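Got some structures for you, see below.
The same chain A turns up in both complexes below, where it pairs with chain B and then with chain C.
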Partner chain A sequence: MGLLSDPNRRRALITLLTRLNAPICVVCYMAGVAWFMGLAFEPFTLRTYMSENAMGSTMVEERFPAGERALATGREFAAHKRKAGGMPVDWLVKTLQARGLEVFTQRFSRTLPFPDENKERYMVKGTNVYGILRAPRAPRTEALVLSAPCSPGENNNQAVGLLLGLAQYFRNQIYWAKDIIFLVNEHDLIGMQAWLEGYHHTNTTGMDWSPLQGRGGSIQAALSLELSSDVVTSLDLVLEGLNGQLPNLDLANLFYAFCQKIGVLCTIQGKLQRNDWDSVSGYSHAVQTMMLMVMKQASGRPWGDHGLFLRYHIEAASIKGINSFRQYKTDTTTIGRLLEGMYRKLNNLLERLHQSYFFYLMPSLSHFVSIGYYMPAFGLLAAILFMRALDLWVQLTAPPLPPEEGAAHVKQSSPGVLSVLTPLVISHVTGAALYALPIHFQQVAVEHFPVSETEAVVLTAIAVYTAGLALPHNTHRYKTLHGWRVLKLVAVLYLAVLLGCTALINFSLGFILALTLVPIAAFVTPHVPKVLSAFVLVFLSPACTLLFSVFFFQELQEVPVSFQEGWMLFLSVISQGILDHSLYGSLVYPLISLLVYPCWLLFWNILFWN
Partner chain B sequence: MAAPLTLLLIVGVSIRLFLFRSSLADIIAERVEVVSPLTAWKRVIEGLALLDLGVSPYSGDIFHETPLIIYLFHFVVDYAEITFMLADVITAVALYLAVKDYNTQVLKKQRFELEADRYPMDCLELVRSPTQMYYIPLKVAMVYMLNPFTILSCVAKSTCGLNNAVLGLFFLCTIKKNTMLSAIFLALATYQSIYPITLCAPAMLYIMQRLYIPVNYRWASFWWFVVQYLFIYLGSLFVIICLSFFLLGSWDYIPSVYGFILSVPDLTPNIGLFWYFFAEMFEHFRLFFLCVFQINVFFYTIPLSIKLKEHPVFLMFMQLAVMSIFKSYPTVGDIALYLSLLPLWSHLHRFLRNIFLVTCVLIACSALFPVLWHLWIYSGSANSNFYYAITLLFNVAQILLVSDYFYAFLRREHHLTYGLYLKKKDGSEATLVLK
Partner chain C sequence: MKLPVLFLIFATHFLSGTAHIGKNVGNFFSSQHTNNWAVLVCTSRFWFNYRHVANTLSVYRSVKRLGIPDSHIVLMLADDMACNHRNPKPATVFSHKNMELNVYGDDVEVDYRGYEVTVENFLRVLTGRLPPSTPRSKRLLSDDRSNILIYLTGHGGNGFLKFQDSEEISNVELADAFEQMWQKRRYNELLFIIDTCQGASMYERFYSPNLMALASSQVGEDSLSHQPDLAIGVHLMDRYTFYLLEFLEDIHPASKTNMNDLFKVCPKSQCVSTPGHRTDLFLRDPGSVLITDFFGSVRKVEITTDAINLTEPIEQKQDIAVSEEQEKVQYSYTDQLPVSEIIHQKPKQKDWHPPDGFILGLWTLILLVFFRAYGIKHLKHIF
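So, the complex of A and B:
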């Protein structure tokens, strides 16, 4: 408490902080970025290890023999799918019943707010089919889910085949202590959403679905399987779920442990892990993997069908089979054995997966960075905001005034509140317009302009966004000496709280926003060169951040795009963001439009304060 | 000044009405920061249902409000929203009137002191002017009426708003030196939540000051006043308790209300310090630590009363703050009451040291409460430690805030006696250090 109560030491500390403010901020920013980049360096990361006792020490033996038969079933499924022109519901029901499961179906329908051009759907109708294998060994209070999406075209038939094969094999085993639900969902995430809402008796997104006729116990874990070829070279694990939520790390550990045991190549973000961490290329590979995870998490969308389970407190991941030009192939029997092993270990669980980490980043499948290691990177960036706020506060409370500005000082206190409140209200109204207008005005836009609905939505969003820059923000009539300082203090604190909360829920999003918004918050004053600063401000605004992220993401995935294609992708990302919000309740679009964008507008306003 | 106050009340009531009509009301009513097991509206409804069935409302372990509250809502349950808004309006108006009266007293006292030349010459800048103080009553009412904490508490229909109204009326009656009503309202507040018993001391001190009774135990008039006040206080408390007994026909409510407050059996997370600590504790230490934790609320009365016996209103503010920090089931509504008194001490701003830090921490914590709650309860990715860390930080910030005001107050008094620009013995400028 000495520091807080001793006035001399306080004064010394505050003088130090205000005099060295700019250098300290620069150092903090550099340190924050460096810390973040250091996270991918292998000696700084932890090796993954199994924390859950129930899954760690027990031995299981994998005996699944029927890979070939599963593939045959898959081909049969494909034929029926072609014939039915969609999900072959009757055939699936019959097949699952023949395997001795309790089979139920669920119908659902949903009209999208505007047509989804990526997946070409607008009015969606579909059926989910699921079969429940009742646990012979325990009182059916818990369940595990294995799901395979029934995608249009020739995709994913092998996954359904393997699912049916596993159902048949699992049925004949006696050791199951949890119900196992085999789910084939139509229209990927929409079907999954309908099924999960039906299972948990909730309706958060206003979808129409028929109630479920049969239920298992509370779901402990779920895997979603995507497999489109008879043999695969590697299996890819997808963890990122809705709003950047991640499953417990033990699920990833389990997958990795079985891949090691059975000898299957496994990847995360489609990247194999390398052993040469001390070389430059090895390090950049790890950075690439981690950055891909950061970008995916920041997008807040579910990157596989598992993504929606996480919201219901169910640990889930997607496993994707990848068939590349590598020599070494893995057949379906091996994948079946891998899944069998994983399910047997999950079957041993005594309580929900909770021992291991929920907040982590993975530079490779065998290494992870936990929240305690990555939060300082964000903390260093947030410290800049606090330093700037402290600086402003000291300036605001400093008693000596230059004599020529003394006259303005008299009128300072009363317009202070109003001059801050007006820009705050105006920028938030603009944000609310950005949130609400695109969907509500699509009809009007389609009637008056030669664009499709989706284009109308995206272009309205961009138009509102741009129009926000032109709005007059200051309604104050007389100059106040400290007016902009008060506003900036409010804006900086606002940004700090906003980014802090965001980073807790979704670290990646918070960090990316902090990277771009913190410099703005640090340097903007009415006295910096206007044109150049305006350019920098726009360059670092949330929309441009999104545009650069699109290019950066493509670059990371090693499919670089031209500017034209990148722009089209940018447009489709915006429409996907809005769709994700209305379909699954993703929070990124409202967060950006209702909070981050208004906050950025405040800084824009400070720049043009006169 | 009536027009701005009316406008303020209309704005406050319309915000509340708007929120009552929106879908947010249900969400707010579930927040653990806003409602405690004592004050939750859901529990009042449950109690009412039991009462209607002819069962004692205390027979389950749900309802813990006092019998008077349940009989009040027995009649006005259909007008609950209006009741809660009315309670807030009453509190705001009571605070407004009380502060107005108090300010006149302060100015009068200051004039006497100035005329008697008691202030050192260099302290003239510390002297308060009527123009500076003109808006303070309005600011107090505004801070109470438009404080998000109060609004949330009202929209959640937390009965904390009613307790605040009683305390506000008590404050008003005390400032108006009405011994009788002051004691009765204090008894009512005590009946509601025990802790206001500590406000006895400031109330008596203030009224004695106004009636020119010396605070000196060798004077008979001092003892006569204390006996008088305590008699009315205890008498009305006794009447209220007996009235509750006759209403219900049983003493059920004593363990269920006061036992519940003192022994803290419900460990639902809230913004207080009790829940985490007692959830972690070994059972055989429980009684000991219960005493340690509860004594916090009551114990500070003695040293504070001795130190601040010349300034009973500031003492009352300190007591309200201490209560809302250390009580067993605090909610944001309790905090709102003492926060609304902060404009009263706006002349202390030049002596405050940590106000910036504390404000930042309080704002950040208020934003982080729902976030960490979401991560803990809904996503299951964080755990109770995250939430408790924020609770702890929030309370530390509140304690810092209160002690900062305390320090600033004492320092101003010191300067008013010894001069603003203190010199060391060798003539150089001196600084005050709190150690």
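So, the complex of A and C:
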């Protein structure tokens, strides 16, 4: 008879499973972590290569001459910006028109749910200015976008100057097959969101904007430029977008290919490439770069103005100019030539970029790890959950133990749906409260406590989080001695599905949550020592994971912080998460509050079952 | 005294000259063709396949320069590079970098353009099976005394050539098309040149007589492109056709260069791939075949010594009186593609024959085993 249908064999298999369950889980966890750490080891990665045939190699001749003139335009822009106290709309419109583009503006306004203390804004009103360079001979069906943000103070003036210089140079060429849109957006991401929503006729975030008068066709690719100094020492590429979405790897390959051709120093995550992969320091450098990318992707924030394009299936990246203390400097003309080369190659595209990977991690700019290589790390962690679920299933269907007292005997046979449903409902209601209460009750909190609105929101969130720990989750009537097994089975499967779906969309977020939640799911039962496990559970809860991630992120960027600063940073991260959700539709905060936190509460409930 | 000697010298010179002329006349008719045709095909589209269009146009240019008129050239280009939006020099197609040579010119006559370049159209052109509405410029009106040059370029593989990203022609189809041409007496001799990756696979299956074939690479090798132009941003030519063009630029209509020199074009040191050629189906020795036999259009003249009387009127044939008794001659189409002769199929059996012994034996075995295992009582469940 077959392996599973033979009762003797089945029993043997089941006893093996039950006996070895804990060791297998530990081994799987170690293997998962080791696999993840091994991803940055260079022999396990692949070199990047251009997949798109139409873009071919970097064989174009870049002839952009006007770097100095671009800087002068940037200085003019800065002067007008200071005079206007914001975006110098009229000057920009006049300048773009003088360069022969079709110029349009868009007004937008938005009241944030609570003041943003990082960027110091609450009621935001602004204007986007954009000019369209029509392709000389092509129909207006496709477009490329080059954008530079209008930032307060002295930031990004050179970026706008270079944008205007490139606009003038591009206008004189006849080989453009797509329209090129030069966009200067105000209030960085909010302005970009308004422009994109207007361009695609959608309104997902409730912003108020005027419709766009001019349009260019379907956007194939976009680049966002951030340049705040006259000379740079290196160019940094930023890929992570909203909800951890990444542009097609071909865009990064294109950037790297041109960097090598022109001879500009290029970095990713602000870290240079190293050649000594077999030494410890070289390997740790690669791990640091990869972990930075993982952290940034897990946060779900757009890390550059490009991050909002990705949602519309437009491949976009941000290029930041960095001026550090290095001997070899690159001037604006060279940066202009790099951008010119990239745009000429993007001009050759016939379809959207789709030949290369959409899901990848980059331990350095010239190496990458694709989804097929990094998913097994998560799979090993998810396997632990399935092992636990099998174990519980076996225990549940095992013949019942002899009753200890007569009273408990009746309850044992059927744990009942209600004993599982009640904790589920209560945890999810708590999660909904965590999602909705902070913003709704900020006014009430401000009236009663001497805090600002932002602090009120964040502290309400933390308060609801902590209050959830103290809620009674069940009534005695429906609790059975062994009903916790059913609840744990449900919780483990729920966590597995949740983490699996998260890892598919945003691998970094799924993996980090799995790292902390899977051990909880594996070991928690009512029979482990209560105080110690309660402590461990809180230690591994999503909020503390976030706190440690904040410290870790600062360490990785080589800007370590003290505990006070870290705590302040943690509070601001929570407020940014809530703001991102209401402003741009980021899904991290709803995911954590509505799904992950209730799941964690279920395990808390199991711990305190008796 | 001097005069007769001079006269003798002149006479011997003249006689030997005439003897020479006689020999030349003999050579003159050795190829037996009277007209030349060329079918030049570029099968790829898209901007990054600029070089395939440039390849075809450079062969077109050479062929035209050597005398084949546009009416005898069928030029098929799958995409328009000269007017592509990305061309920084519109209305030009360059074959040398720094824009030395514009092969597009101002008198290009493209017969099949864009989406008209399909496998079906190509085969119809070769075999002559075109709808009656097809204009003359789109037809290959060759006869049994035509020498045809066929040049194909694009992306290919082992045994196939890709047409426009959507279909392929296989080497078997091509060989069969040439056999059809032979059977319909549509060529005297045919030179086939192909410049693609693994091009030699395309001529492996030829089986018709009087075919000579050249390819830019062997099976398993890639044909490489020659040089990019940085201002235009694409590769301009493929290596084999580049060196072929350089070779052809030295040929003029009176050249005596023969095919053996053509086989030497682009050795491995220049081409990186190994060009190949096939001459076993060709009846003449390649050394006696002139390049201009295929690439040029050298008019042949037939000299006859008989006088033709043009003064007497030609007798009219008696008009057959049209009457109702005249029977209509029944016409029927000959079998255009006698498949059974080509493929040597087994003819379909019209009447039923008892099944093969093997099948019978197998079923007997099965039945025996069944009844042995389950007993004869199951028989009633079946019937």
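By our rule, the second predicted complex is superposed on the first by the 578 of 610 C-alpha atoms of A that agree within 3 Å, B and C clash if a C-alpha of one lies under 4 Å from a C-alpha of the other, contacts with A are read in each partner's own complex, and residues count from 1 in each chain.
In this section, a residue touches a chain if its C-beta (ideal position, glycine included) is under 8 Å from a C-beta of that chain, and two chains touch if they have at least 3 such contacts.
Because the structure is predicted, anything quoted here is derived from the model rather than measured.
Peer 1: Which of the two partners, first being chain B and second being chain C, lies in contact with A:Glu120: first, second, both, or neither?
Peer 2: neither
Peer 1: Return first, second, both or neither, reflecting whether A:Asn347 touches chain B, chain C, both chains, or no partner chain.
Peer 2: second
Peer 1: So, does A:Glu447 touch the first partner chain B, the second partner chain C, both, or neither?
Peer 2: neither
Peer 1: Applying the document's definition of touch, where does A:Trp176 land relative to chain B and chain C: first, second, both, or neither?
Peer 2: It touches chain C, and chain B stays clear.
Peer 1: When the two structures are overlaid on chain A, which partner does A:His313 contact: first (chain B), second (chain C), both, or neither?
Peer 2: Only chain B is touched by A:His313; chain C is not.
Peer 1: For A:Glu558, decide between first (touching chain B), second (touching chain C), both and neither.
Peer 2: Neither partner.
Peer 1: Enumerate the residues of chain A that count as touching chain B in its complex and touching chain C in the other.
Peer 2: None.
Peer 1: Help me check something: in the complex, which residues belonging to chain A touch chain B?
Peer 2: 4-8, 10, 245-246, 310-311, 313, 352, 354, 358-359, 386, 389-390, 393, 493, 496-497, 500-501, 504-505
Peer 1: Could you pull out which chain B residues touch chain A in their complex?
Peer 2: Listed in rising order, the residues are 353-354, 356, 360, 363-364, 367-368, 371-372, 374-375, 378-382, 400, 407, 431-435.
Peer 1: Touching chain A in the complex: which residues of chain C?
Peer 2: It is residues 46-48, 83-88, 90, 228, 230-231, 233-235 of chain C that touch chain A.
Peer 1: Given the complex with chain C, which residues does chain A contribute to the contact?
Peer 2: 53-54, 56-57, 59-61, 135-138, 173-177, 344-345, 347-348, 350
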